[in-house]
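Both of the next two complexes hold chain A, though its partner changes from chain B to chain C.
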Partner chain A sequence: MYVDRGRQYSIAGFLAALLVVLALAAGNFFSLGNFSDILVNISFVTIAAVGMMAVILTGQIDISIGVTLSICSTVAAIASKAGVPIPLVALISVGTGALLGLVNGLLVTRFKVHSIIVTLGTMSVFRGLLIYFTKGAWIYSLPQDFRSVGLGTFLGIQNPIWAMIIVLLVAAWLFSSTAWGRSLYAVGSNPEAARLSGIRVPFVQASVFVVLGALVGLATMFYATRFSTIQSNTGQGFEFVVITAVVVGGVNIFGGSGTVLGVALGALLVGITGTALTFLGISAYWEQAIQGLFILLAVAFDSVRLRRRRYVLQKVRGGV
Partner chain B sequence: MNATRRYFRIRLSAAEIVLVAALALAIIVMSRLSPQFLTVNNFFEVTRFVTEIGLISLGMSVVILTGGIDLSVGSIVGLSAIVLGASFHAGVNVWLAALLGVLAGALCGFVNGLIITRANIPPLIVTLATLAIYRGLALGISQARNYRDYPDVFYKLGQGYVGPVPVQFIVFVVFMLVFVLLLGRTVFGRAVYALGNNETATRFSGIHVDRLKLIIYTLSGFLSGVAGIVLVSRLSTAKPDLGLGYELDAITAVVLGGTAIAGGSGGIWGTLLGLFIVGIVRNGLSLAFIKADVQLVFIGLVLIAAVVFNQVTRRPARR
Partner chain C sequence: MASLLEMTGIQKHFGGVQALKNVDFDIEAGEVHALVGENGAGKSTLIKILSGAYTPDSGTIKIEGQEVTIANPRQAQALGVVTIYQETSLYPDLSVLENLFMGRQPRRRFGLLDWGAMKKEAEAVFKRLGVDIPLSARLGDLGKAYAQLVEIAKALSQKARILVMDEATAALTSDDVERLFGIIRTMRSQGVAIIYISHRLDEIFRVTDRVTVLRDGERVGSERVANVNQNWLIQRMVGRELTNLYPRNIRAPGKVLLEVGNLTRIGVFENVSFSLREGEIVGLAGLVGSGRSEIVRAIFGIDRYDSGTVLLEGKPLSSKPWEAVQSGVALLPEDRSRQGAILAMPVRANMTLAVLHNLHKGGFLDEKQEASITDRFIQALQVRPPRSELPVASLSGGNQQKVVLGKWLASNPKVLILDEPTQGVDVGAKAEIHQLMDRLVNELGVGILMISSDLPEVLGMADRLLVMHRGHLVAELPRGASPEQAMAKATGLEAQGIAHVR
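Up next, the complex of A and B:
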């Protein structure tokens, strides 16, 4: 099996360079507390990024997950205020996310409309429905046991970090060693060839949206529980952070290649960049522009590399 | 070939009949919802409302006709508005500042086109990234401030009337007519349709495809810039979040108007119908005191329904 390690090295290098700059410019950046803060901050992004990776591997995209995050946050908050026990709240949140993902997946596979158009539409429908049902009101005074999910620790390490590590390990195994995981790469590389080799392409394409939705539902448990109020416009822009992490992490935006380790590094880079801006005294208002720039650079880099590889292959085969 | 062409012609007119019927239905439903709806004054209110989205939809129509897409239009509206506001507050004459805003929009579009053609990345991805970049620039430049207090002449553009007709609607009609002529009567127009139908064949027939794309995305950015200026004039303030989500309305209008999302067929007249359906429904719902959230649900559903409808009716033609 061919695994492209080039991107992992280049992000690791970029991260190292960024850390050196930070060390020189802001010495207090390197406290253990700050580092674990960064990890907690990126945990929910990383969990969702693993799901987004599955979607992008099959050559699709989902830009509605910011709304999925707000809907799951709202549902989880209402459930826990109603006295539902925490494990059940988590299950409800994951189920809600999976259900919204299923809607996207069915629309994409049944009608063969590009996923960006479908999720642009569902993003607006979901957001509208959410505001309609909550009347735009914030949810205040969440119960203490709900909030302890995101703030609690286990063996001295915060819960969100544990969840992130477990999701990453499970995903690494799923994507590399199961039939479903391999079929994601097959569908993304060549849907027709995947179909001819007996893979149920529509099933695989729909399943990734459900997986992404479920993981956003899980991420919600470590996102919503850190705040004392849930706003109805929470989660806006979340899709960009997640897509940036995935694409910067070396997952090919056209599908078919990428690794979980790369995505984890990509999320770390995004997280450190956000914190670094604060430490370097740059206004947070620039953050979105920098994220967009990262996506663009990563994709352009892939495109150039892809063309070069094709050129080399042609030379080897003696083609035109 | 002949049979296909006849089929094609019938399908197009059928789609347009459906649109006109939908428009009529929307007008009837809305006039039942609110007594103020079916008045001349309100009609011109709708035209005021549709101008900004309409300007963007013109550029979007051409982009989608070539098989591309531009998701960054809403952010360009915001950035143009901020360029106008920031340069005016730096002491530049207001009309010169407006010109700078429009030029900034065109530059944004040019950058989109440059990346799409030079780096060979799909427009969907490029404009998704520049959506974030341009909005981020608007936020970064303004530091989330609002720019107000323009001279009164400037407000004429977005709040004034010529007789009963709002000034900005005249601007829109002029641009619309230019685009109708451009698409229907010029070499450029034919090249746009050719590119949407078959890029390779277009290249082989000697059309400079990359330059064509560059022009198209620059046009889209330019029109978004104009829309941004009109919007600032209408609202009397330039905020960095202006135009947020406008890509949704513009794409909905274009797709609803029967332009194929994969490019090659459709046109400005269809977009105009789609635009008025979106505008009338939003205006009617507002008059009936139905809030923005329901409108959001509605526009999203209409977009999905329109794309699915086009896809389903198109399918037999492909086989």
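Up next, the complex of A and C:
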């Protein structure tokens, strides 16, 4: 809406080029099975990235979501072992995530401290509390119905893919066509002007952390259920992958602009890297380095675009 | 003997605007020379040329009879010209001593700082100024007056011969002002030339020897202060005739909309009371720093206040901007790009920002209604170019202001507060905004509270004018009052007079 679509086109182009290379180098990459595997693998990152997009749109950031994922995983696993039915487990996980998000949101709006500091703090506090309560022990022998959440299908498509598609569609609607979505962009572009226009800036800022927490809770259902055990340090580095997907997807790290489609493409690009490397016969140890490179490329790309846009803007002004 | 500084025939223009037209200015050693004029008269431009921030289009600058070129601030400093700005360039977290020598610390061998030499020089400078100040104190703990003092000391230790003081007293209390005047007199007796810029006319008569008035980039008078009076000054500053630039149809005001009672924010404004009725425009005048913008910010809930009441139609108005907006108050802020418009967003999204929550239709933003609101105000306000999808950043200043105004009109306010509504707006757009204001009060019964630095404008538009001076409401002038009367109140000249009579 407020964004030029340039980033979407360029990621789409980059993805297309990558796929052509993969097609030429490794034909079996394009089996349907492999492709749906990839989508299942990126589903939980994409779901969390949509929440992260909301946070970053308002000019904030949350680096505590790795531990949120950890806590939700632990809570969900314990609930499931205690015999709680799966839909209720999902609800508990989402609620736990939302609660942790609310803590972050309230801290950020009450103390008016930048969220990178607040979530740096809560990251350690949450992790410490988790280790205290679990005593660092792993959770073993998860029930079968918990472990098969991600395996179920509906109309021949796996549940995680459905969840991802639904989250993307709802987010696209929320962000572009509701008053709340509009206020995210306004707060991120100019918080002072938004406040003076009667937008409840603290409410908006707290709400995005809750939304992100809830979505991380949902993502947990497609993340934790892939393992046979839950370790107390699970989810470390999750924030890195999610923020990478959002930034590569063209959301301005300072807030105010970005699209859901861009984030979806960004998540796909980040998620496909590992698989692509394997198929190209390159060591998977490069995965993280290459994801980092994507961030740098995205940032460089932005600064070049911005400079060009300023120039065009000047010309427009001069002409009027 | 030649003057210490002689500027002759200085011309400067920016784009199509002639900021200075053939201006002469000179100052002797040991003289305090006031430079006055309204905002935009050319004072700052002249000073920036002297301090090397701008280069003039033509004209000569002589120091002690020698023609010089001042191409950058460093050269100005080498010639002994030092400017002290209103906002000091000091570091509040460092000590007085560190501030004094920041960036030019004397060194000993191995690059070590020579604290001994610094201390000695600092003591000498403060002795010269006749003040005692703890060198090791953290500057931020000392208050604004000392910051000003440290700036002066810094200038003197840089061998300043010509000291420019730009609105030096704007942030000072009256005791601090007295102290500063003492220091100015000390420096004068030591042969320092001081160019003194101030909006406060009473200060001109108390501390300066000569006064030069600029208006619209021209020198319109230069006299010994002893030979002139306040009327002479004000007439030259204001100059223009009040023509029928301001279309007003005065009607009888209706019921009271906004009632402000004894509003106080300690150190900013005190016991301010006034009311605003349906269908009237009330002007609020005062110098920058008089508390006029702070008052409206407090009414709207942006800043807190310590005591007093704000009633809207008899009910207390809450202290949060979003609640003020919902109860029918709108504030067009002074700083358009930071507080008014969201530059990166399109005209459409800006216009509907204040009414977002009423634009729902089945969970969706009602884009049809959004388009109709936007089109209506683009037409009514003549926004050019009339395109709702353009980012506001691509519009000219006047058109940006129209968009912000449109945003508030869309919310159907009962009380509209306009803080400098026509600042940086071209003449045509200005007239359009004035006509719109008249229609709002007459046809819709809106109450408008208008702040403007442009006295003829606010006098021409308002039913009555409230004047503030140093945080106090000092006068209420009826329609038809002259800019001279208002200026006299706003600069504190009148208050001074009363004090003398007592």
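Rule of thumb we're sticking to: the second predicted complex is superposed on the first by the 313 of 320 C-alpha atoms of A that agree within 3 Å, B and C clash if a C-alpha of one lies under 4 Å from a C-alpha of the other, contacts with A are read in each partner's own complex, and residues count from 1 in each chain.
By our rule, a residue touches a chain if its C-beta (ideal position, glycine included) is under 8 Å from a C-beta of that chain, and two chains touch if they have at least 3 such contacts.
Quantities reported herein were computed from a predicted structural model and do not represent experimental measurements.
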- Query: Looking at the overlay, does A:Ala300 come into contact with chain B only (first), chain C only (second), both, or neither?
  - Reply: first
- Message: On the A-aligned overlay, A:His114 touches which partner chain: chain B = first, chain C = second, or both, or neither?
- Response: first
- Answer with first, second, both or neither: which of chain B and chain C does A:Ile157 touch in the superposed model? neither
- Item | Which of chain B and chain C A:Ala179 touches, first, second, both or neither | second
- Counting only touches as set out at the top, which of chain B and chain C does A:Ile290 meet: first, second, both, neither? first
- Does the superposition put A:Ile253 against chain B (first), chain C (second), both, or neither? first
- Using the touch criterion from the header, give the chain among chain B and chain C with more contacted residues in chain A. B
- Message: Please output the residues of chain A touching chain B within their complex, sorted ascending.
- Response: 61, 63, 107, 111-114, 116-118, 120-132, 136, 240, 243, 253-254, 283, 285-293, 295-296, 299-300, 303-304, 307
- Query: Which residues, counting only chain B, touch chain A once they are in their complex?
  - Reply: 69, 71, 115, 119-122, 124-126, 128-137, 139-140, 142-144, 245, 247-248, 251, 255, 261, 291-301, 303-304, 307-308, 311-312
- Note on the structure: Touching chain A in the complex, chain C uses residues 300, 302, 321-322, 324-326, 331, 333, 338-346, 349, 353-354, 356-357, 359-360, 363-365, 367, 384-385, 391, 393-396, 407, 411
- What residues of chain A sit close enough to touch chain C in their complex? 1-2, 173, 177-179, 182-183, 185-186, 189-190, 192-200, 256-257, 313, 316-317, 320
